[in-house]
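Going in written order, the chains are labelled A, B, C and D, and every chain counts its residues from 1.
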Amino acid sequence: MTDVREKGPAEAARVGVLGARGRMGMEVCKAVDGAPDLELVAAVDQGDDLTEVADAGAGVVVDFTTPDAVMDNLRWCVERGVHAVVGTTGFTEQRLDQVRGWLADRPGVGVVIAPNFGIGAVLMMQFAARAARHFESVEIVEQHHPRKLDAPSGTATHTARLIAAARAEAGLGPAPDATRDEVAGARGADIDGVRVHAVRATGLVAHQEVLFGTTGETLTIRHDSYDRASFMPGVLLAVREVVRRPGLTVGLDALLD
Amino acid sequence: MTDVREKGPAEAARVGVLGARGRMGMEVCKAVDGAPDLELVAAVDQGDDLTEVADAGAGVVVDFTTPDAVMDNLRWCVERGVHAVVGTTGFTEQRLDQVRGWLADRPGVGVVIAPNFGIGAVLMMQFAARAARHFESVEIVEQHHPRKLDAPSGTATHTARLIAAARAEAGLGPAPDATRDEVAGARGADIDGVRVHAVRATGLVAHQEVLFGTTGETLTIRHDSYDRASFMPGVLLAVREVVRRPGLTVGLDALLD
Amino acid sequence: MTDVREKGPAEAARVGVLGARGRMGMEVCKAVDGAPDLELVAAVDQGDDLTEVADAGAGVVVDFTTPDAVMDNLRWCVERGVHAVVGTTGFTEQRLDQVRGWLADRPGVGVVIAPNFGIGAVLMMQFAARAARHFESVEIVEQHHPRKLDAPSGTATHTARLIAAARAEAGLGPAPDATRDEVAGARGADIDGVRVHAVRATGLVAHQEVLFGTTGETLTIRHDSYDRASFMPGVLLAVREVVRRPGLTVGLDALLD
Amino acid sequence: MTDVREKGPAEAARVGVLGARGRMGMEVCKAVDGAPDLELVAAVDQGDDLTEVADAGAGVVVDFTTPDAVMDNLRWCVERGVHAVVGTTGFTEQRLDQVRGWLADRPGVGVVIAPNFGIGAVLMMQFAARAARHFESVEIVEQHHPRKLDAPSGTATHTARLIAAARAEAGLGPAPDATRDEVAGARGADIDGVRVHAVRATGLVAHQEVLFGTTGETLTIRHDSYDRASFMPGVLLAVREVVRRPGLTVGLDALLD
């Protein structure tokens, strides 16, 4: 068992994928395979033995498994000095603390856990939070395929909350709105004071627009996601960055600065 | 009193404006003045005498006055063989029938009454009605300044009704929508089965987007109005066309074909 | 050999696909299979025998083959009274005349040949041609993936030509443009006097925006195509309509009215 | 002559406007007048005496004059301890150094000089520069009224340069582009390797879209300016911030963080 800190750069680029037969895992394998500076050395799934990953000399592991499996995988990685990039869901504050505990004993190891690897979506949220305190008005319009069960989307709700927090911090009151005569629902959902509209139509994939307005001008930040593959640049970014960031990093934000 | 049918083309282009000191009237005076083929020969308002218009030899009158004044103005025009273009509101089916009655006695005179002189808005509605039966899904997003009292806008409501009628005629059922978990209002207002979302923000003027979706593609028709002046091309079109269209024409649609 | 005019409606919905193993052909098979009112009865490709289609009792054939094969296929269909929907490219005026000749002898048979089965794209072009004469200004922005070889796209060029013809017919001169100081290329390509801009970026699929402007307002018609599947609603529409339209129909336009 | 550092907060909000009869100056007077926390105490223009500003006890001066007049005005302000917000153009590095020299002797005085007071435009450029290194592709589409003389706009050119610098720093090569068959101009102007397209149409005011693309997704940042009034929130922000920022601040960017 070699500590990753002792590895040369060539070895650090050896990547193992856990959950390799899932939809996201398959995309990750393809993306790692196609990246000239990375080598896919192990692709395992439920039922496979993790020692395969160790034997292959993986320096970084990407985990898109299940909430049931991910904690065991992570402890295994940290103990062996293997960096980890995690897209599996279900991380509570408690779980994050547990990971921090393991990492305290292995100061050279890095773990990146992100709920969203879409670079475009993460930047949209960052920019929205930054713009929020400079505009009197803001509304969100998200657009998705009609098979979606929730309205608004999780991303839209999260964006609205970031904006609401930034407005509160800047001392901004409610956006002006003289509406007196409303057909129910026309003005959208109220998420912490921010109006959010959810459009559903066949042909759409996943889109979001954040519209800011002040006297005489508007600023619009729009994200269009067409494909599951859109998460791959973010996963590859994390794989490249995790080796330089010991400890726990939550969210893609920190890697984008 | 000369019948307009006996006038030469030069005279037909002599234009009088009623309600000339109102906001729309002032724009009309400016627009007529700026058109090389039209001459502004009379600009009257409340308190002025209509004989001024007759004396000036106006062949076409544009009326942006009030529901109280417009019927008297119109009867005066029709009786004198002066064509009329009317943007004043408040026309019921009853009032339109009264105008038709006057025109029956003066077969050469034309009257155009339109609730909306925005060519862009009228074409948007025409196109939306035409596209409606070819797409599984459709939603409307309208965007206005925050001083607006009603939500959705009258134009959005009207567009939704045109779309709903076209869908019904084509035998289309409701658009697919799997939403199960909705924050109240997120899915917009339901206007005859068409979802309409109303965005309000400082900086916006008057905008509307109609989004159609079917397998793998969307078609969007968007109208942006920045200025009251946007109604002027429609008013000038009507002034030029009314002399060739005896009888009553309601709406700009007919003039756009 | 039965003439299709003698078939009942149930049989008319029996569909055979030629070129069934090509990319478009496979999509057509899937789409026909998924349509409740149509039945996929034959799927043949290069090397297969067309008698398979006859034996299966197909009333309509969809041809997505090659310019080399399509004329023989079409003659075979027309002679046997089988309606045909053709997406294969390479139709010259000469070829169309040949098809008209065959159809003259079989007055009940319908053939629909269309270069583009995207309903959204066809409507975009129709609406653009209609709007053209009402606006002083018009420009086209098309956006595609960066693997595309031509700029602007064929659809954009075709749209520009339709608009230019409509402007000429309406007596409109060139759109106003005071540009004096231009970095080469900034104002786009000049297609019959209409400016066309071609954007290329990873992540994009196939998009086009036609922007019309007049005093104080703009009208924008936008088409987004995400997927080859976007042609299927147009193909199915043609399959359903061809049985009611004897003779040759070129282009989807006629079927959309 | 009182140093502004000795003034209480109430006095610091006393604002004088230089160039008050110019188009921008008039807007500034209106905006200051309408702000509850600011008081317009002097509005002077060419021919007026600056002592009027001093007599009125202005703590902050806003200068929208001419390159000829602005340096004398600024020296006068700095010497008297009056903070200054400057929108006048023509500042070279040399001129900025001269201002820094004056300020060195008056450490409590603040001067903000900005070429663009549009908060939306400045944020658009900031966000574009930040996003640049995370996307394989980027292009700019700017849209303006047809009376504009230059193409592309100064803002678009500046944005392209910021993006090009960020891409170079991140080690990104040219964006992928397989175009082989181009109608001249279709692919836009090349500004430091970034493609920029300039649309001109009646009805438009001033708009810009920056489109970033990577695998499966795009991020679009769009700014719409409808009105000269759109610069006022930026001017007011500078007036409020300049009193807390001794020394020279160039550009609105620093005030937005």
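The rule is short, and it goes like this: a contact is a pair of C-beta atoms (placed from the backbone, for glycine too) under 8 Å apart; a residue touches a chain by one contact, two chains touch by 3 or more.
The structure presented is a predicted model; accordingly, all values stated were derived computationally and were not measured.
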| item | value |
| --- | --- |
| Chain pair equivalent in interface to A-B, over half of contacts matched, among A-C, C-D or B-D | C-D |
| Chain at maximum distance from subunit A, centres defined as averaged CA atoms | B |
| Distance from subunit D to subunit B - Cα centre to Cα centre, in angstrom | 40 |
| Gap in Å, rounded to a whole number, between the CA centres of subunit D and subunit A | 34 |
| CA centroid of subunit C to CA centroid of subunit D, Å | 48 |
| Shared-contact residues (touching 2 or more other chains) in subunit C | 135, 203, 212, 214-218, 224, 226, 230 |
| Contact footprint of subunit A on subunit B as seen in their complex | 135-139, 141, 143, 146-152, 157, 175-191, 195-204, 211-218 |
| For the subunit B and subunit C complex, residues of the former touching the latter | 118-121, 123-124, 127, 130-131, 134-135, 212, 214-233, 237, 256 |
| Subunit D to subunit B touching residues, read off their complex | 203, 205, 224, 226, 230 |
